[in-house]
Amino acid sequence: MAATVRVQTAPFDIAAELAALSAGRTDIGGIGCFVGNVRDSAGGRAIAAMTLEHYPGMTERALAAIAAEAEQRWALLGITLIHRVGRLLPGEAIVLVLAASAHRQAALDATAFLIDWLKTRAPFWKKETFADGGEDWVTAKDTDDAAAARW
Amino acid sequence: MAATVRVQTAPFDIAAELAALSAGRTDIGGIGCFVGNVRDSAGGRAIAAMTLEHYPGMTERALAAIAAEAEQRWALLGITLIHRVGRLLPGEAIVLVLAASAHRQAALDATAFLIDWLKTRAPFWKKETFADGGEDWVTAKDTDDAAAARW
Amino acid sequence: MSETAPPLRLLYFAWLRERVGVSEETLALPEGVATVGDLTAWLRARGPGYAAAFASPVVRCAVNQDFATAEAPVAPGDEVAFFPPVTGG
Amino acid sequence: MSETAPPLRLLYFAWLRERVGVSEETLALPEGVATVGDLTAWLRARGPGYAAAFASPVVRCAVNQDFATAEAPVAPGDEVAFFPPVTGG
């Protein structure tokens, strides 16, 4: 199974990614999907923009390793992981996860696993620019570690 | 929160549905999604087509009730449930579930809940037409009941 | 039961529809029928197609578009649907 | 350590980069440095920016693009990156 793993500044086209994942295939029973968006506030403070930094080279390796781990755990027919970097505005999509399987439970479980691991094992860092002009790096959440440790 | 619930013979446009769900919104942190496709075989027998019948009127009520139940259980910002009926070919998408929330876990859990309940509580019936010319109604699965009972 | 009472509307789906032979019919609420279970027993005796349809123990019912059990009451004017366990999604 | 040994390549990300003041530098493996922990201690003593960056107990490391602990060995030619806990997704 080939996983599609990409880091890009441009927006992604979900319909095109779904079409690429399932093109010509009639063995897929379900595709799980997660889209993460930039929210307009954090801790009650209005956000003007989010800037994502990553570790080129290691990021792609980490995403490929996370996809490979999902393939070990579930019978998957396709995985797509796309993460945007650079400056993004509230409402913009940051991350796309797709997982295809013959069966829905595998597709849904793999989707949740992929985003949980991506959040704790791929080298991305977010800086929030607040509407009041301040900016700060986002702090890692214990709840993300707990979510990743479930699997 | 307004849930979008639709039964239709035409294909659905996932990108358009995602755009409609999140248009102008900057409070959504994550959107969970599930797409169910027609598979090309069942129990080792090749499938030529799938025909979906439903109970007009009750179907829409049942889908709205399932969406309302999800809203009770999670803090959601939008739900889309679209189910196709009529004759579909292997590879075609049958069902679309979208659930938007400020937080990814709610979006992912609600997505899994919605498809599990849809499979056991909405009046749709599938008839498989096999490549060998035979046809048969799909039998309800115990595993679907078990999945729905988890919630 | 008054003769001017509104009829029952009966609907059949999937293989129940195929066995019964019609997708929909209307009839006056039969004498002695007060529940879904009564109605099922009455229909089963109505002919071989009905007998075949209702022979299965898995037949499900909805009264006025809500899932209903054999104990659920049936009254004139109700829409009563019979169908196999659902298999959508 | 031979003087012709390849240098270490050091990378800094997010607020470590901001505190250190550079995103990348190369240097010969310092005397007595054999592990990530040794390297961190050596860097901390290098100046106030480094001291500020490495004062935090949450600093993470990767050696040759794999996550690494303080005990992980460091050798000439390695790419060693320091960064805060990741916050993507």
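Going by the order they are written in, the chains are A, B, C and D; count residues from 1 in each one.
The definition used in the following text is that contacts are C-beta pairs under 8 Å (C-beta built on N, C-alpha and C of every residue); 3 or more make two chains touch, one makes a residue touch a chain.
It should be emphasised that the depicted structure is a prediction, and the values quoted were computed from it without experimental measurement.
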Shared interface partners, meaning chains that touch chain B and chain D: A
Chain centre separation (chain A, chain C; CA means) in Å: 49
Geometric centre distance via CA averages, chain D-chain A, whole Å: 27
Where chain C and chain D are represented by their mean Cα positions, the distance between them in whole Å: 75
Sequence positions of chain B contacting 2 or more other chains: 36, 104, 115
Set of chain D residues in contact with two or more other chains: 89
Those chain pairs that satisfy the touch definition: A-B, A-D, B-C
Chain B-facing residues of chain A, complex: 13-15, 18, 22, 24-41, 90-91, 102, 104-105, 107-108, 111-112, 115, 147
Footprint of chain D on chain A - complex, ascending: 36, 52-55, 57-58, 61, 83, 94-95, 115, 118-127, 137-140, 144
Complex contact set, residues of chain D against chain A: 11, 13-15, 58, 62, 65-67, 81, 83-89
